[in-house]
Each structure stands twice: as structure tokens, then as C-alpha cells.
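Below is one structure, written out as C-alpha cells; comments come after it.
Note that the chains are named A, B, C and D in the order they appear, and that numbering of residues resets to 1 at the start of each chain.
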Amino acid sequence: MPNTISVKVRGYHLDVYGHVNNARYLEFLEEARWAMLEHMDLEALLVKGILFVVVNININYRRPAGLNSLLTVESTLKSVGTHSAVLSQVVKFKENGNIAADAEVTFVLLNSKTHQPMKLEGDLAQLLSAIG
Amino acid sequence: MPNTISVKVRGYHLDVYGHVNNARYLEFLEEARWAMLEHMDLEALLVKGILFVVVNININYRRPAGLNSLLTVESTLKSVGTHSAVLSQVVKFKENGNIAADAEVTFVLLNSKTHQPMKLEGDLAQLLSAIG
Amino acid sequence: MPNTISVKVRGYHLDVYGHVNNARYLEFLEEARWAMLEHMDLEALLVKGILFVVVNININYRRPAGLNSLLTVESTLKSVGTHSAVLSQVVKFKENGNIAADAEVTFVLLNSKTHQPMKLEGDLAQLLSAIG
Amino acid sequence: MPNTISVKVRGYHLDVYGHVNNARYLEFLEEARWAMLEHMDLEALLVKGILFVVVNININYRRPAGLNSLLTVESTLKSVGTHSAVLSQVVKFKENGNIAADAEVTFVLLNSKTHQPMKLEGDLAQLLSAIG
């Protein structure tokens, strides 16, 4: 089951084209990631000195979203590598399920002392699997 | 002589009305304050543990600014009180000097250890007077 | 009864001080105003060619809000003049009711054709009174 | 010769990690694109009813940028396809040329009436080649 948040598009989300601005989508994705972490023990881990750091975002802008659009952002874990993992985040129109934007977000978990990416194995891998 | 920066209005500054968004003006004002501090020894002071903290912004939105508008932001010190000071910041259209927005920004200088506002006297008062 | 929205403070809301940035508060206030209009017939009116335009924001930053703070934004109508009205918007910590920021927001309703402020009487005054 | 803009990192660009926020980089990239269009006849074309629309951004976050970092954003045309083209945008530290972030930005030129992507041939292809 994907982690899902809802966003209603407001006037300040739009830009000169009257559509949600490209950069703003990244805030929607980040909001969804914080909400996701909130529902996992991962948040506790982060507090203990593990930093969730995004290293790549590959986002497709598929359909423009305008004022009052009701959007959802679904986040699911796509894959876990040795040191990095990939989150799939999809922004849909609630009304019809059409996709406004979809992104693959690659992240690492940094040890906040050494600033080295941690191996995503054992406890960490298990925690990540809870993302769904 | 006021401290002045220039801003060209871009597509991502606008909102549903096609004008620079209210919140974005506060970023323009903050940009101008950072530029102002840069030209003063005050920046050095800040690094040494004095925090420049805004406690009130009173901003008038007078004329809408649209795509490609060339704006300036002028910052001048309006008054210095015992613990707080007031900056006047005016956003003008470069073309004709008309005012897009003007603000009074009240700030304090906090001691970063005690988190108490410092008395704006002696060295600090002198530094502030350099704002112009 | 005030119109109230909730906001959870996320990493992207913060700035160099580790607190919600001054400009971001104006987005919180705008979000609250859109939510407020949504619950009124006023939204319908706006669609019909009346523009809700903010002409002044006077905001006090009273207490810093950090990561994970749960905030509410309450909006109430403070006063209605001939051509402009004042909204009171208060950002509180849900936990203890302390005020993070409070603002008075002065707005006009513009006729989208003439771009003149409309007289806030009759139907319009009644609609505004529904803000609470 | 790449089209280049400069950005000085300010307090409001940062987030909870004390580094420039992921979404903010997209504003830096957009700023660079507007500056690029300004130096081309393409801007004139856009006014005449051609919309510059981004369909994909693939951005790598390579090194964190903190307060007072001086950055440049260089934009070069990487490739032109039948209906879409790819811009390379690199954010560097002015001091040492290290890369903070780099992105490939795929865009189309939409006919503002039909909302169809235009073929990037003839005049349009020539204009794009002026990006450098």
C-alpha cells in the first residue's frame, strides 16, 4: 500500500503559465517523503543521526495542474541497492487518476558523523522495506 | 545612499493572478537585507554570534509586478530604538520609479548564546548607522 | 468560530536559522485564506470575476517554529470598511496554544473588469460576515 | 560559450540540513533558462505564442551548497530531437569549479493555440542552436 498525501492546488503554487510550477512539485514530493518517514520507525533513526539525503530526482511533467486541482502523491519503494535506494513518487489527479507528474528519487542514508552513505542492509534494509 | 539590489521578475515569481506573489516579495526583501549586510562589517559580527532576527514586517502591496518587470529594492535604516531597529525597504519599478511594494521591517540583534536582544548602543549602533 | 487549518513544519519550510522562514509564513497565511474562501460562497463570487487582492500584511514573528512543529492558522474577520476589510490570522502551536506569528491582512475585492475596489456593502458585506 | 548566471546562496535558500534545498535548485535552473531566453530571439517568439514547456528534469545533487556559497549556473544545448530538445544545466561553485548539481532538462515548444509540440526544424532549430 503506497504512502499517500493529498494536496489541493492553490494560487501560490502556480506560475506564469497558470500551472503548478516545476520547482513546486519538488516541494510536494518532499512533503510526501516527510509524511512517509513519519509513519515509519525510520524517522526515529533519522533523529539518531542518520541523514536522509536525495542524490537524484528524475521527474516527468505529464499534465499541467491548475487552480483547485486535487492531487495525491503516492510514494513507494522501487528498489534498494547497496548504498542507495530508489523511491517512486507519483502525483495524480484525485478525480480521474491521471498522472500530473511522476518521479524516481534516489536517496542515500548518511551517517551524520562520517558523512558516508551507510550500507542498506540489516536493520536499515528492513526499515526501508516498511515504506511499502 | 540606500543599499539597492535589482530583481527581474521571472515566471516562477508569479502566481494565479499573473503577478509577483505576496510571499515572494518577502524573499526579495530578504535578498536585499543579505546584500546589505554583505556591505557592512555587520556581517562579520553576525558570524561571531549575533543573530539578525526580524520581529515584524508591515508591507504594502501597491502595484502589481508582472513578467519581465525590472525591480529595485532599496533598504534604508529608518530608526534605531533601545533593543530594536526599523528598516525601510521599497520595491520600485526601475522604469519609472513607481512603487510596487514598500515595507517597514523591525528587527533585533540576538545574542546567539542567551537569545536575548542586545542593546543597540555603542559599536552596534555605529554599525547600524552604516546601513545608510 | 474561526476558520482553521493545520500545518506540520517540514524540512523545506526552514531556513539558515533552522526555523520557519519569514516568507514561508505568508504561504501558510495564503493557504489558510484559500481554505477559508473554499468554505464560503465567496469562492463562487471570485470565480465570477471578483478578485481577492491583499493590499497590506502586518505580521509579527513571535516565536520560532522548528522541524515537526504542529501549527494551526486561524482566520477571523476583524473589521469591514467601505472598500477594504481586515482579516486577523494567527499561527499557533497546537501543543500549547502559544503564538508563533500573528498578522493583520488588509484586502480589497476588485472588479476584475474595471480593476476598481468594490464597495463592501449588501451581498458582499454579508458574504464577508460569513468568514466568522 | 555557455549562458551563465551567478547566484549567491542566502539564508532563505537553505533548509533543515543547512544546505540549498532540492526544490530551490529548480528555481536556480529556471532563473538561468529565463536569462538564456532573454539573450535569444527565442524570447520574442515565445511572446508570439510559443510556450517553452519542460517535460522532464533529471537532476543530480552532487555537493551541498551552504550559506554565502557563490554559484554559477551554465546552460548549454545538448541535443535537439524532432519535437523535443535537451538542455544541460550545471551548477558550479565559482571558487573551484566543483559541481553542486547538474541536470538535463528536456523541453518542448508548444503552439499556444493547439497545445501541440512544434517540430524543431527550420527557424526554430536555428533559434535553438543559438543557445550555444
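Just so we're on the same page, contacts are C-beta pairs under 8 Å (C-beta built on N, C-alpha and C of every residue); 3 or more make two chains touch, one makes a residue touch a chain.
Only a predicted model underlies this, so the values are computations on that prediction, with no experimental measurement involved.
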| item | value |
| --- | --- |
| Comparison of B-D and B-C (more C-beta pairs in contact) | B-C |
| Of all other chains, the one whose Cα centre sits farthest from chain B | A |
| Chain B and chain C, separation of their C-alpha mean positions in angstrom | 23 |
| Centre-to-centre distance between chain D and chain B (centres being mean Cα positions), rounded to whole Å | 28 |
| Shared-contact residues (touching 2 or more other chains) in chain C | 11-12, 17, 21-23, 27, 30 |
| In the complex with chain B, residue positions of chain A that touch it | 10-18, 21-23, 67 |
| Of all residues in chain B, those that touch chain C in their complex | 17, 21-24, 26-27, 30, 51, 53-62 |
| Residues of chain A that touch chain C when the two form their complex | 8, 10-12, 27, 30-31, 34 |
